[in-house]
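Lettered A, B, C and D in written order, each chain numbered from 1.
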Amino acid sequence: MKETKSRYEIWKQKAHIVIYGTNTPAGRWFDICILILILLSILVVMLESVEEIDRKYHDILLITEWIITILFTIEYFMRIITMKNPWKYILSFYGIIDLVAILPMYLSYFVTGTHVLATVRSLRLLRVFRIMKLMRFIGEASQLRTALKASRTKIAVFLYAVLIISVVIGSLMFVIEGEENGFTSIPRSIYWTIVTLTTVGYGDIAPQTELGQFIAVFIMILGYGIIAVPTGIVTVEYAKSRPQESDKTILQEESPKICNQCNTENYNTKARYCYHCGNPLFLPERDVREP
Amino acid sequence: MKETKSRYEIWKQKAHIVIYGTNTPAGRWFDICILILILLSILVVMLESVEEIDRKYHDILLITEWIITILFTIEYFMRIITMKNPWKYILSFYGIIDLVAILPMYLSYFVTGTHVLATVRSLRLLRVFRIMKLMRFIGEASQLRTALKASRTKIAVFLYAVLIISVVIGSLMFVIEGEENGFTSIPRSIYWTIVTLTTVGYGDIAPQTELGQFIAVFIMILGYGIIAVPTGIVTVEYAKSRPQESDKTILQEESPKICNQCNTENYNTKARYCYHCGNPLFLPERDVREP
Amino acid sequence: MKETKSRYEIWKQKAHIVIYGTNTPAGRWFDICILILILLSILVVMLESVEEIDRKYHDILLITEWIITILFTIEYFMRIITMKNPWKYILSFYGIIDLVAILPMYLSYFVTGTHVLATVRSLRLLRVFRIMKLMRFIGEASQLRTALKASRTKIAVFLYAVLIISVVIGSLMFVIEGEENGFTSIPRSIYWTIVTLTTVGYGDIAPQTELGQFIAVFIMILGYGIIAVPTGIVTVEYAKSRPQESDKTILQEESPKICNQCNTENYNTKARYCYHCGNPLFLPERDVREP
Amino acid sequence: MKETKSRYEIWKQKAHIVIYGTNTPAGRWFDICILILILLSILVVMLESVEEIDRKYHDILLITEWIITILFTIEYFMRIITMKNPWKYILSFYGIIDLVAILPMYLSYFVTGTHVLATVRSLRLLRVFRIMKLMRFIGEASQLRTALKASRTKIAVFLYAVLIISVVIGSLMFVIEGEENGFTSIPRSIYWTIVTLTTVGYGDIAPQTELGQFIAVFIMILGYGIIAVPTGIVTVEYAKSRPQESDKTILQEESPKICNQCNTENYNTKARYCYHCGNPLFLPERDVREP
C-alpha cells in the first residue's frame, strides 16, 4: 500500500514538473500544446461570431469547441491533483481564469445565450507568459512591470488632469456647439473631447461652428503636447529600472525548481528545500532514478 | 466671556485642521466627503444634460443639486470662518473656484439659462489633489510641474513652429483644393491642417485632388515626426528634475502642520511657529488634550 | 557738409540699432510693432478668404491691407538704408521674405488673381523669432536645432523605411481591396497607407475585405510602434545637446552689439570692433553722447 | 590564353568593384544610376495603376517598363558573373530580390494578370541603403538596428499585451454594441478596437450606445498611455547603443575593400587578403596600373 502510494506520489511530482515547470522538454511541450489549444479555441469563438461561417460549419465548430473544453477540463483537474495544496491553485488568479475558461461551455449546454462568454477564455492567454520564462523574457517583463509600477502614481495624476480637462472642455463644447451639431449631451461632448484629445478622431461628431473649431484646434494641440508627459515618465522610470547586465545573465542561465506545495520558484541551484515553505524540492534527474 | 472665546478659538483651530489638513483621520474623511460630493454633483449635471433622463427624473436631480449646493455653501463659509485671515482664502485660486462652484445655482434661481455654468464646478476637482498629499503624490506632481515649467519656453517655440507651418500649409491647401472640396476658407483650411498634423484626422474634410493628397501625406509624416520634439523635451527635463531619493522619503514621512493664518505647510517636525508668518502652530495631539 | 553727413551717419547707426537690435527699449518696441502688424495682416488675409465676411467688410479689409503693406514697404527700405552693405540684407533669407511679403499686394494692383499669394507673408512670422532673442529663447532654440540637426540622417533613414513600407503595403492593398472599395490606384492606396501608418485615419477610404482589415491592423500596430523610433532618436540627441548651465547664463546676460556692416552679433562686452569684419561697433551710450 | 584569361579576370575584378563597391567614383555612379532606375520604375508602376493615365500613355509606359527590366536583367547577370562564387549572391537576400524584380515582367509577357506583381520591385529600394554607406549613415543605421534588436523581446511582450487587450475588449464590444451598430462579428470588433487603441480612428465603425462609448473612452486613454511603453523602451535602448564618438570617425574614414569571393568588407587598410575567406583582395590603384 505504501509502495503504491509512493509510486503515485512520484507520478504526481513528475506531473507537477511537466504541468507547472517550463525547464524540462516535457514541460515545454505541455505549454506549447496548451498555447496551441488556446489560440485554436479563440479562433473557433471568432469564427462562430461571423454569421455566414457559423451557418456553414456550425457542427465542426461546435465539436472542436467541445473537444477543447474537455481537454481544458482535464488540464484543470490535473493542475488541482498535482498540487499538494490544491486550494492554493484554485483560488489563485490563474486558477480562477482556468475555471472561467471551461465553465461557460458547460453552462451553455444547459442555458442558451451565455455562449458569448466563451471569449472570456482569451484571458487564458495570460498564462502563456509562463512559456516565455524559458527565454530572457522574464528579466525584461519584470523590468517593464517595475517601470510601470513606479510610474503608476504619476500617470494617475496625469490621467486625473486629462479627465478634468475633458469634463471642462466637454461641457464648454456642449454649450458652444449645441444639439444641432451632434453635441446632444454633456457625456457625449466629453466623449468627443476625449476622442479629440487622444488624437483618435473618429469624425462621427465634428465641430461645425467657428468657435467650436477653434477650441477643437486647441484641444488637438494640447493632446498632441501632453502625450509627451506619460512618455517622458515611462522612459525615465524605465531607464532607472534597468537591471544590472551581470545579474540578468545569471537569472537566465538558472532554471528554477518549482515547489509543488506553494509553487514558489527556487533559483538557488543548490536548494533542496523550498525557501518559502520548507517543502523538499523534487530534483528531477536524481529523484526519478532512485525511487 | 474670555473662557467662551477661548473655546470658540479652540473649536476654530480644530475645524481648521479638519478642513485644511489631510493628516488627521477627520481631515481625511472631510476630504473624501467633499470628493464624493464633487463627483456626485458632476454626475447630476451630466445626467441633466441628457434629455430623456432629465425629463423623467427632473425633480430628483434638482433636489440633489440643491442639497449639494447647500453643503458646498456651508463648506465655503466654514473655510472663511476658520481662517484667521479670511481674505487670504477668499482671494486665493481655490477660494474663487469654491465661490464659482456655488454661485451659478443661486443665480439660476433668479435667472434661467445660466444653469449650464454649473459645470464650472468641475474645476473644484482640482482641490482633490490635496488628498493626494497624504501619499507620495506631492513629490511626483511637483516634479512633473518642475519638468513642464522647465520645458515651457521650448514647447512655446515648438508650438510657434507648428502654428507657422499650419498657416502656411493651410493657405496653400485653400488654393490647391478650393471650395468645391470642402476647403471653403483659410481658417477652415488651417483647421484641417492642424487636424492632420496632430494625427487626429476626423475625415469631415479630406483632400480630393492628387496634389492635395500629396501635401496631406507630407503633413502627416511631418506631424508624425515632430511629435518627437515635445516628447524629447519633456523626457529630458523630467529626467533632470528627478528629486533625490533620500529627500523624497523624508518628505513623505513628514505630515505638514498647516498654519491657520497663512495656510503655509510647515514640514519641520519641531516647528511650533509658522516659518512664514510667525503664527503659533496648533499642535493637534497635545493642544486638544490640554485646553 | 561733413557735419551733415556725420549726423546722417549717426542717425543711420541709431536707426540700425532700433531696427536690427533687440536689446534697447526702442528696438524692442519696433519688433513688437512689426509683430502686431504681421499678426494683423494674417488676420486680414484669413478674413478675406471667408466669403460672407469679405462681402460685408471688403473695403475695410482692403484699406487695412494697403496700410500694412505700405508700412512693411517703409520697413523694407529702412532695413536697406541702415545697412552699410545693403546687398547683405537684400540677398539674405529675411531680406527675400520681406520682399515677398510686400510684392504680391503691388502685383495684385496690376494683375488680379495673384491676391492669394498674400498669405506668403505668413513666412514673415519667422522674423518674430528675433524678438525672442530678448529672452532665454535663443539658447533653447539653438539647442533644439542642434538636436534636430544631429538626428537628421537617422530620421532620414527612418523616413526612407516608412516610404518603402508604404509603397509595398500600398501596392498590396490595391491588389487586395481593389477599385470597388475605394483603392482606385496605387498612389491612392499609398495615400491610405500613410494615413493609417501615421495614425491619422480620416476614414474617407477604409478597408472592407477581411484580409484588407487584417493588413490594416498590422499597419496600425506597426505605425503605433515605429513612432517610438524618431522619438527615441530626438530624445537621445536632445539629451546629448544640452548646453552647460554656466555657459547659458553668460549668454543670456550679455546683450550683443550688432555690427551694421555684416550684422554679426558681438557678445564680447569690451569689443569696439566687429570680430567678423573689423567694422567699428557703434556703442550706443557713449557714441551718441560724444559725436 | 592565360593572358586573355588574366585580362578577363582583371575586367571582372574591376567590374566587381564598380558593382559591389561604393568607394570609387565609378561605383558611386553605378549605384546612383540603379537608384534612379528603381525610382523611375516605381513611378511607372504607379502611373500604370491610375486608369486615365494608363489609357493615354499606355505604350510609353510599357516601353519604359521593358527598357528598365532589360537594364535590371543586365545588372543581375553582371552581378552573377563578377562574383567568384555566384551562388553566394544568387541565394542571398538581395540576389532573390533582384530576381523577383525582373521575373514578373517576363512572366507578364506569357501570362496576363501577374503584372501587378511588378511592384515587388520596390523591395529593390532596400539595396539603396548601400549608397548611403558612403556617408555616415552606416554608423547610424546599424546603431538603430542594434537598439531595435535589443528592444525586440520587450516590444514583443508589449504587442502580446496589446493583442490580449484587443481580443478581450473586442469581444466585449461585440456583446455590448451588437450587429445593429456595425459590430457585426468578433473579428470586426477586434479590428475596431485596434483602430481605436492605436488612435487611428477611421470612424467607419463608431460606438452608439452609452456603455460602448464609455468603453471606447477607456480604450482611447489606454492607447494614449501605452504608446509611452515602446517609446520608452526604444529611447532607453537607443541611448544605450550609442557608439563611441572616436570609433565612429575611424569607421567613416575607412573605405572597405570588398572581397569578390565572399563579399565581406575588409576595413583594415593594410589588408591584402580577405580576413574571412583568405581570397587575395584586389587593390584598385596598383593592380590596375600593373597588370
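In the analysis below, a residue touches a chain if its C-beta (ideal position, glycine included) is under 8 Å from a C-beta of that chain, and two chains touch if they have at least 3 such contacts.
Being a predicted model, the structure only gives us computed values, none of them experimental.
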item: Farthest chain relative to chain C (centres taken as mean CA coordinates); value: A
item: A-B, A-C or B-D - pair sharing over half of the B-C contact pairs; value: A-B
item: Interface composition of copies chain A and chain B: same or different, split at half; value: different
item: Centroid distance [mean C-alpha coordinates] between chain C and chain A, Å; value: 48
item: Whole-Å separation of chain centres (CA-atom averages), chain A against chain B; value: 34
item: Centre-to-centre distance between chain D and chain A (centres being mean Cα positions), rounded to whole Å; value: 34
item: Residue list for chain C, restricted to those that touch at least two other chains; value: 187, 190, 199-203, 223, 227, 231, 233, 235, 239
item: Contact graph of the chains (line, ring, star, complete, other); value: complete
item: Residues of chain B touching chain C in the complex; value: 153-154, 157-158, 160, 164, 167-168, 171-172, 174-175, 184-187, 190, 196, 199-203, 206, 210, 213, 216-217, 220-221, 223-225, 227-229, 231-233, 235-236, 239
item: Residue ranges of chain D touching chain C (in the complex, touch as defined); value: 42, 45-46, 49-51, 116, 119, 122-123, 125-126, 128-129, 132, 135-137, 140-141, 143-144, 147-148, 155, 159, 162, 187-188, 190-191, 194-195, 197-204, 223, 227, 230-231, 233-235, 237-239, 242
item: Chain A residues touching chain C - in the complex, by the definition given at the top; value: 199-203, 231, 235
